[in-house]
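Multiple structures are listed underneath, in structure tokens.
Next come two complexes, and both contain subunit A; in the first it sits with subunit B, in the second with subunit C.
Our next item is the complex of A and B:
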């Protein structure tokens, strides 16, 4: 069978598409094989109910690497980001805490709760900016192998060491703390306003089966500042037309560069001969040959299902098997006949154009976690709510709205498994929680879609429904992602590469894994 | 030299610091504020060989107690799992519960022991300074890096993975038996306000393994404090309470006792916790605001109560563990997290060996019993309740406890008063990753020096911390000698 392609990319998620686009840009003949009928993976826009379009799974954009936007000229392919300018946290006592993108307004609002915190926020922001700047170069780096004695790895390690030592004592120790502490402990050192700490620490628990008091959750606080320093757009935003337009723009760029994209083409396995990947076999039975294969699907699917343990060294298989997924979040998408009316801030004010975070206190989040760690859904979960139709009216019919609710915790390994009744109960808990703050919500709902981690796994192929293709915890980051010695996008199979979020630097619609993988492949191809 | 080095406190760290300085020719005065009321209590912790050797401790009557089996783990359905220092015996015992776990036990022990040897080397000196540019720092870092790499690929990978993870994640990777995971996971949360699912608890497990043979995951106990206190060469002032440290022109010059007596000092080394030393004993005005803030945020949350029991008949040296599963430990932590005393705490009952030979006394470690209660306070009623709960839980598994008499209950409140442990926390600063190595207790103080010249820290709050008897004191003495009279 002659190889008609230089590379086959398995999975048309945003990382697969980014990887394909970069390979095509370098003149390679590339084909992307996507199982579903549309590309995008978890970054899709779907008309779930007639007239109502949702970013069904991932729903905001912040981390997409600016160099990718630039290199692939994504705005020309339709990428348009609309800023998300505020976060409202309703409180149990009927008050609220709002965070605004306008500096003075934000300062005044926080000072209403604590003058001390308002002052501290300035210094905190400065430090986090500095830290984000310090960590940023590591994101674009191919992680060296700490156990290798190869000159290249030693040099890489020395580069990391030099970079870290160059930070100076203040930033270095702050970084050590961020890497080792819990979000709650870290924020306790800065702030006294419970709702502020809770809302900030919520970013540290997303996608992970950890609570705000679990060490290892502080690091993710940085990610919120990572988007800002790029200066391309503000911290968080919507893609006009939903997150599917991010994927569509990357796919458009890839096609324009000459990549072929086939949807409805599920890959059944990777063809391996003599320890080398030679192509793939589709579920239809069709076989496609290529010089190399790049997998954008998660490590467990790639190695255990598509490749097969029999082709891999046993210690590698063991490492992939213990790679933790533990999906912990779900989604509830609502088609609304009317806007929610929050008791703490009635009416359709500017706060509805931003995010609404149900995270009234650190204990609230911790209790939500307590239930999840024993296999139950949170009775009162953390909710991150956005109403995209407020900013992008085309998402819903005139006068109506779409509401996207990210929910945590909904453990994949729920006691008794995910049943219809479980899913309904989970959806009800979300609505009950929201109704405590916006009582009109029940009567405003026209349709509701409830997505559990089991649904995410089934529909998108993400193992255990983990939205990051594997928990983003310290033991699964940098040179440990997905497995030690195999964090450089290579695999034990010659000519088989990985480019998904299960590799460094991980998930969050960042695209960096896809880009790093492509650049590594091109580098070694040279 | 006329003025002595004054050491505040008479714990193992303080005494090692004192003797090291005395050996180097300094005049040393140790202010032993309080003697624990029950002197028979043995000191838990590994004594680094260098300390045993330097002071010929074995010739002076050092006795180390290692109950073997080191854990007799109560099984929920009756009976017990005995974990011994003898690998074969442990394997046989585990096999009755799970052949798979029995097969994995030796490899697990061997891999953990290799990491522990590395940690022992790191603990044998002041903490490395990753930012240090002095030849001494760079050499130390290079030596550690080299040692780490000598672990081989698997060792390096084990190390990188183990440091941040939770004890539960580590143990779930290896074993399936709840009782085994419970007994090991308990070492992961020992003295820590954390559950076994919290990151960093695998490191705590490794920390408490340091110095023990492969397959033994509890530190030994010894009479080292008693032996050190009896060694000649230092002056010991008993029953004197230090009220404050006198500071002139940014330099520690004296120690003032509660009686008002002022003792001039060449240097002062404090075994009290860092926060107390720098904000209560010394005038806090010497701290810059950043350091003051960092110190205030050192976490030292006591979660352990100690219950003393008397059995009718002495049962010989034993270490009984009640920690049925990781979930049970996690639930106990959930209670502590919200300020409640757990009704299903983790218990470890150790018979008093020699000192009180034949007395039938048993000391029980009870976790979690938090220092700060959400409701009510630690009063006699609470303590009595906890004592009774302890007897009830133990006698469910070990019939000879049915007639046990509760002789004493020390809540974290009493431990604070009696032992000077902040919030009853034996480690002074919890041994979490962000409070370990060069960050112990805070980066600015990690090298035992303080912003006040001539004032040093030598207690359990310093690297390498509680569980390694005397090491912090030895390293502090080293730094004092290094500074010489320059300060």
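Our next item is the complex of A and C:
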């Protein structure tokens, strides 16, 4: 069978598309094979109810690497990121804590809760900026393996060491703390306002089955701090048209560069001969040959399902089996006839154009985690809410709205498994929680879509419904992602590569894995 | 939303320019009139009234109040007499300036600290184990600056306290009409002038009293644009403009020590301890790498450059606040951070950070100027600050 392609990319998620675009840009003949009828993976926009468009799964942008936006000229392919400027945290006592993008406004609001915290926030922001600067170069680099003596690894380690040394002692010590502490403990060193600590620590637990008091979550906080738009750290945005337009822009760039994209083309297995990947077989029976195969799907599906353990060294198979997924979050998408009316800040206003975080206290989040730890959904979960139609009115019919609610915790391994009744109860808990702060929500709901980790796994193929293709915890990051000694996008199978979020640097609509993989394959990674 | 000051009801009424700007989360007038020119001249020829309420103010009280402030400020606060006001910076452990302001000893164990940035956390963190209370009175204390040669005459009409006996950088409690205030002989203009500190609820009647008593003397509400020119003439640096406070610096190179800012005279190395002392003692021994100096741009050089393109010299209408390279020969030896035309001295002035070796008064340098979209270098000379220092300031 003659190879008609230089590379086959399995999975048309954003990383697969980024990888394909970079390979095509280098003149390679590339085909992307996507199981679903649309590309994007978890970054899709879908008209779930007539007239109401949702970023069904992933719903904000911030981590998308600026160099990808530049290299692929994504704005020319339709990417338009609108600012998401505030975060509102309603409190149990009827008050609220708002975080605004304007410095003075933000200072004044936080000083209402604690003058000390308002002052500390500046220094904290400066330190996190330094930390983000410290870690950011690691995102664009093939992670060096400290256990290896290969010149390439040593060189990489030297670069990291030099970089870390350049931080100065203060920043270096802070980095050590970030690497070892819990988000809550780390924030306790800085702030006294509970709701502030809770809302900030929430970004340390997203996508993990850990609580704000679990060690290691401080680092994840930083991971989210690295969001960067127009060079400004910690800037979150919303893609016009929903997150599907991020995928559409990358797909557009890939096509323009000559990549072929086939949807409705589920891959059944990777063809392996003599320890080398030679192509793929589709579920339809069609076989496609290529010089190499790149998998954008997660490590478990790639190696256990598509390749098969029989082709792999047993210790590698064990490492992949040990790679933790533990999906812990779900989504509730609402079509609304009216805006939610928050008791703490009644009426429409700028606070509805930003995020609304149901994270009134660290205890609240930790309690939500307690239930998940024992296989139950949180009765009062953490919610991260946005109303995309407030930012891009085209998402809903005029005067109506769409609301996206990210919910944690909804453990994949829920007691008794995910049933219809379980899903309904999960959706009800979310609405009950929201109604405590915005009582009109029940009457405003026209339609509701409830997505559980089991749905995410079934629909998108993400194992255990983990949104990051594997938990973003320190024991499976950098040179350990997805497995020790196999963190450089290559695999034990010759000509088989990986480019998904299950590789360094991990999840979020970042695209770094796809880019790093492509550059590694092309031999030009730093 | 931004805050308004306690005088807003009055300042908004006279602000016909609608030119407002931000100061510490408040809105204050850039200029009240359409141009700031007359407001500037009032500072030097009559009296200008500034609303300086956005300053951060802290009341520090208790047995250890002097100890706390002495341990933070570079000046000798413990040695201050009741009624003294000290201008002082305070530093981090590396001896880099965090902020600068004044410490007024209102009573044996009562001080008021004024600051440009919030400092509550810094004060609290340094007060561990001390018997002291720290109260943020930024909101409850309103403040006005009355500056200019007529300021004493105006103020004297409203109080029985003898102002001729209130010496430069002294403070006194006084009654202004029926209101209890404190009056300090301080300011940010380098001129004769006073600052009046009062309870927020008395703001409007005190403003009205000053306007009423001052009108025959030409009192003029003045905004930040006029103040900016006056403080450059007086050689007074401005936080966030002329220096980056160490707390906001992203890299060490952005920070400055008191010596580098040319306020080494405020550093009391005889004190047993204060934050940053070891680093500052070391720097005093070694000599600072930078100096913050005055710069006079030579008129002839400027005129020649304009003449080359067929124009008469154009002068900045307002003070500028950008970083402008300064050269010695072909090499950049520093940067100016504030500058402008002095309508009084008829000189183009700037404040600049210079490498110490190029900072001796009289040193001939060049400053970048943009003339008809092209970058040129105009001759400039290092000058002693203050550029303007009238006898009446201290008399």
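Throughout what follows, the second predicted complex is superposed on the first by the 516 of 526 C-alpha atoms of A that agree within 3 Å, B and C clash if a C-alpha of one lies under 4 Å from a C-alpha of the other, contacts with A are read in each partner's own complex, and residues count from 1 in each chain.
The rule we apply is simple: a residue touches a chain if its C-beta (ideal position, glycine included) is under 8 Å from a C-beta of that chain, and two chains touch if they have at least 3 such contacts.
Keep in mind that what you see is a predicted model, and the values were worked out from it rather than measured.
Colleague: Under the stated touch criterion, which partner chain does A:172 make contact with: subunit B (first), subunit C (second), both, or neither?
Modeller: The answer is first: A:172 touches subunit B but not subunit C.
Colleague: Figure out whether A:108 sits in contact with subunit B (first) or subunit C (second), or with both, or with neither.
Modeller: Touch partner of A:108: subunit C, not subunit B.
Colleague: Should A:130 be classified as contacting the first partner (subunit B), the second (subunit C), both, or neither?
Modeller: Only subunit C; A:130 stays clear of subunit B.
Colleague: Quick one: classify A:479 as touching subunit B (first), subunit C (second), both or neither.
Modeller: The answer is first: A:479 touches subunit B but not subunit C.
Colleague: Using the superposition on chain A described above, determine whether A:215 touches subunit B (first), subunit C (second), both, or neither.
Modeller: The first partner, subunit B, only.
Colleague: Looking at A:119, would you say it contacts subunit B, subunit C, both, or neither? Reply first, second, both or neither.
Modeller: Touch status of A:119: second partner only.
Colleague: Which chain makes contact with more of the residues of subunit A, subunit B or else subunit C?
Modeller: B
Colleague: Overlap of the subunit B and subunit C footprints on subunit A, residue-wise?
Modeller: On subunit A, the residues that contact subunit B in one structure and subunit C in the other are 168.
Colleague: Which residues of subunit B touch subunit A in the complex?
Modeller: 130-131, 149, 152-154, 156-157, 160-161, 163-166, 169, 173, 194, 197-200, 293-294, 297, 299, 327, 330, 334, 337-338, 432-434, 439, 443
Colleague: Please output the residues of subunit A touching subunit C within their complex, sorted ascending.
Modeller: 104-105, 107-108, 115-116, 118-120, 122-123, 126, 129-130, 168
Colleague: What does subunit A use to touch subunit B in their complex?
Modeller: Touching subunit B: residues 146-149, 164-165, 168-169, 172-173, 176-177, 179-182, 185, 188-189, 210, 213-216, 315, 322, 324, 363, 366, 370, 373-374, 473-475, 479-480, 484-485 of subunit A.
Colleague: Across the complex, what residues on subunit C touch subunit A?
Modeller: 1-3, 22, 25, 118-122, 124, 136, 247-248, 250, 252
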